[in-house]
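You will see chain A twice below: alongside chain B first, and alongside chain C after that.
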Partner chain A sequence: MDFLYSYIILAEVYVLLGLSTNLLVGIAGIFSVSQAAVFGVGAYLVAHFLMTETLGFIPALVVAAAACIALNIVVTLPSLRVSGDYFVVTSFGIQLLATAVFTNWTNATGGANGLPGIPPPDLFGLPLESTGQLVILCSVAMAIGGLAFWLLMRAPFGRLLRAIREDELAVAAAGKNVLRAKVSAAALAGAFAGSAGGFYATFLSFVDPSSFDLDASILLLTMVVVGGARTLAGSILGPFLLLALPQVLTLVEIPTSIAAAMRQLIYGVLLILFMLFRPQGLAGEKL
Partner chain B sequence: MAGPDPAIPSRTLPRDEGSPVTAPYLQAQGVEVAFGGLRALRDCSFTVDKGKITCLVGPNGAGKTTIFNVITGFLRPNDGHVSFQGRSLDGLRPQAIVAAGIARSFQNLRLFVDLSALDNVMVALPSQAGEEPVGALFRPLHVARAQRAQRERAREALAHVGLADKAGEYVRNLSYGEQKLLTIARLLATGAELLLLDEPASGLSAGALDGIMALLRRLQQEGKTLLVVEHNTRVVQQIADDVLFLHQGHLMAQGTPETIIADPALAEIYFGGAL
Partner chain C sequence: MVWLQLLVNGLVTGAALGVVAISFALIYATTKIFHVAHAGVYTLAGYLAWSLASRGMPDLVSLLVAILCCTVVGALIQHQLYARLERRRATHLVVLIASLGALAVIQNVIAATYSSNILQFPVPWGSRVETFGSVRLTWTQILTVVLSVAAYAGTMWFAHRTILGKQIRAVASNPFLAEITRLRPQRIYVIVVAIGSAIVALPGVLVPLDLGLQPYGGVTPLLTATIAMIAGGVGSITGAFVLAVGIAVLQNLSLLVIPGEWSIGVTFFIFVIFMLFRPTGLFAKAR
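Presenting the complex of A and B:
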């Protein structure tokens, strides 16, 4: 049962990340491959606050989300001047930079060894230690995230972002403030990714740079593509499917030494196949 | 609005002899735009009168679209000024210029092809509730109510251009003529009173052409002022109250369509001596 719970919790954390990526990449068309870096900052911050006992879980989450809002705005700023393909390269650089910081700023992040012993989340002083409680916590978080995404997309804000993705100039000519809308999208994506980081760190009780590297960013994009870009259903479907894959692989008799590489290979092949044959994903619209 | 007799083509430019209390509706003064060594606009000056349909004509490369880009804030001129109803537009961003009451269409339409016709129009409705995330997240009922009213307004704009039954249609399923009408519906949604149309009649069949000319006249009757880039002399003759003839970035002449078309010197420039 714990095995199933762990899978659900992890998938729910990735749903929050998927919503973040979908908002930024799918809806607003800001093609960022550095979402995992923002996720990592959220995780390390919450870990830090809980381990030093400076803040409780919820305040730590709020501070981490706020920091990630600011960070994602800064990280996304180049996209306001550099468009499309060029921004992919810029955000690629940002992702590499973040991994370097996570790995080398040993005092704060524990370096490549990571940070072990992160306390479990608490609700206003009440620790949530059982996996069952964590499932409920993460499910609530996912529900709030999903509701927020749905509200944003059905409001004029969602339509504005879709229009910006298609033609910024035409949106400006329609009298809209393109810059403000893009900054808002970046801020929201930062809030989603940062809080996802907080749930991730407290659930695993351990974080290390490998969870927040380029592979993780690409996994996120794969989830969004496979699940379906620009839809709530796609953002939920993608993480649950792709995270089930490693579990399925454990049923197949392959040596653990190649299991990780095998997983990356399958993610890569899936990404290519979906882009070629079903760009709208399982439940989405064409990217 | 008192202006000079439109029957007299004014080879020289500004019409500052008008009533001293009323500033020209739209005025460009000495606008200069250079792209590297190319001077796209040179000392370009003209005025547009309120309530008129003014056609901007001239050979390819005369700077017609460039002047649109300057008026609507997409391009900063190297020199010169543009003012609207006496208010300077210098340095304003496109969104501020739309808010001031000027909106433009594009020659290549620039519609949002993945959105429905209705959504294309709704994007352009000014100051909507829930256009920023805080309102969208925390006042969902208010946003939903406001959206119902906005949807009605957008439907009216669509009906106005004759696309009432195409509201749910995606842009890619619309004919070219319908797409052109949709760009006008999107302009109307901004609420602007001065509409800058870049070749609204190009590429249309004869039937669609008559439709769009009738629409432009109707907009004029409803109080809009139109500045229209147009190549088709038949269209110019039929709709224009006033014609601005642009050549090599400079205003060569301003007058009624009859006087402009009758001027052999202008025909020589426009048709390269063919007439």
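Presenting the complex of A and C:
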């Protein structure tokens, strides 16, 4: 039962991340491989606040989300001003830089060994320790995230983003500020990813750089691509399916030394196949 | 005289990096595809040469076979992946995701075959040292500089003096007009990606002679090379090469004040400066 619970919790955290990636890649049409870096910043920040007992869980989550919003604005503003391809370079750069920081800033992040012993989340001083309580907490978070995403897509802002994806020039000609809309979408994606980081860190009670590297970003992209871009159903389906994949792989006899490489290999193959034959994913819209 | 040695090391690394940059610039300027999988081709070259060399093949044969294989892989990626996507009128974003998928596939096939540990080349002559005044250079470094400058000169000659080179530049500057003059852009694209992959195989083999091989080691050089290409001005081969040397020199000199694990930060800082003050690059032609 605990195993099922932890699968659900992890999947729900990844749904939040999937919503974030979907907002950025699917809806705003900005290619990004730095989602895991933002996720990591959120996770390390929440871990830091809880371990030093400076803030409770909810305030820490808010601070982490705010920091990730600021990070995404600072990162996207200069490069998107120039061209979409420059942001590809930026996002690779941010991802590699973040991995360097997580690995080498040993005093704050514990380096490659990671930070163990992160306390469980609390609700205004009331600690949530059992896995059952955590499932409820993460489900509520996922529901709030999903609702926010759904409402946003129905709002004028969502329509503006869809319009930009269809024809950027026409939107600009209609007097809308394209750059501002894209940067706002990136900022929102930062808020989702940052708070997902907080849930991740407190649930696992351990963070290390390998959870937030380029491979993790590729996994996030695969989740959105497989589930389907631009829909709530797609963002939920993707993480639940892809997190089950490692369990399926354990049924096949693969030496553990290459298991990680095989997993990443499958993600790569999925990315290529879906782009070639089903760019809308299982439950999404045209990418 | 530490700084002099670092300066020379920077020039050596920069020459190799410059070749990565011109190969990417050639592909990007012509096909307009941000060919992320190029990092995989770069890595693949080193592993192929390593396999052959460690089975007792002569070093030169290993290098040539690696170049040949990379040419084929590059042509396949363009012909089987990018061209198919183009026929389906895929968006830029879809092509980028597919390219990232191809990168993940190449890297993880390598990781699954060779394990992700660092491999060293079995070349005893490579570490022999020549001393010039207070500067020490290994034979590998001397070879790297000689072959890289030759590759740069060869590419310049090819692009400006041969019929095929002129055809490529014609397609790069205007594919529609080129098509009217009975050039077939899709065919040229296959040729360009094949040539770019052949060129990148050279540093792909030379750099690991000194530093060793790692399955995920291609991303950072490619990122630095794309930054050099953008800073040099997209479309300028000389710009890409010169800026790559410049960035590598700065990176090496920065070792005097900043520890090596942060060098990705130095590279990225250079990129941000360019993006803010000179986004069209130093060598860009007037538009």
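Methods note: the second predicted complex is superposed on the first by the 283 of 287 C-alpha atoms of A that agree within 3 Å, B and C clash if a C-alpha of one lies under 4 Å from a C-alpha of the other, contacts with A are read in each partner's own complex, and residues count from 1 in each chain.
One rule holds for everything that comes next: contacts are C-beta pairs under 8 Å (C-beta built on N, C-alpha and C of every residue); 3 or more make two chains touch, one makes a residue touch a chain.
Since the model is a prediction, treat every value here as computed from it, not as a measurement.
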Open item on the list: Do chain B and chain C fit side by side on chain A in the superposed arrangement, or is it a clash?
Closed with: fit
TODO: Kindly classify A:160 by the partners it touches after superposition: chain B alone (first), chain C alone (second), both, or neither?
DONE: first
- [ ] Using the touch definition from the top, say if A:180 reaches chain B (first), chain C (second), both or neither.
- [x] first
Open item on the list: Quick check for you: in the superposed arrangement, does A:152 touch first (chain B), second (chain C), both or neither?
Closed with: first
Open item on the list: Looking at A:245 after the superposition, I want to know if it touches chain B, chain C, both of them or none. Which is it: first, second, both, neither?
Closed with: neither
TODO: Quick one: the Cα-centre angle at chain A between chain B and chain C, nearest 10 degrees, please.
DONE: 80
Open item on the list: By residue count, which of the two partners contacts chain A more extensively, chain B or chain C?
Closed with: C
Open item on the list: Contact-wise, after the overlay, does A:170 reach chain B, chain C, both or neither (first, second, both, neither)?
Closed with: first
TODO: Return first, second, both or neither, reflecting whether A:89 touches chain B, chain C, both chains, or no partner chain.
DONE: second
Open item on the list: If we overlay the two complexes on their shared chain A, which of chain B and chain C does A:188 touch? Say first, second, both or neither.
Closed with: first
Open item on the list: How many Å separate the nearest C-alpha atoms of chain B and chain C in the overlaid structures?
Closed with: 6
- [ ] Starting from the residues of chain A touching chain B, keep only those that also touch chain C in the other complex, and list them.
- [x] none
- [ ] Within their complex, state which residues of chain A touch chain C.
- [x] 25, 29, 31, 33, 78-79, 81-86, 88-90, 92-94, 96-97, 100, 103-104, 214, 218, 221, 225, 257-258, 260-262, 264-265, 267-272, 275-276, 279, 287
Open item on the list: Which stretch or stretches of chain B touch chain A in the complex?
Closed with: 72, 74, 93-95, 98-99, 103-106, 110-115, 119-120, 122-124, 126, 128-133, 135-137, 140, 143-144, 147, 150, 186, 189-190, 192
- [ ] Note which residues of chain C are touching chain A in the complex, please.
- [x] 34, 36, 81, 84-85, 88, 90-98, 100-105, 107-109, 111-112, 115-116, 215-216, 219-220, 223, 226-227, 230, 259, 261-262, 264-265, 267-268, 271-272, 275-276, 279
- [ ] Please name which positions on chain A make contact with chain B in the complex.
- [x] 148, 151-152, 154-160, 162-163, 166-167, 169-177, 180-181, 184, 187-188, 285-286
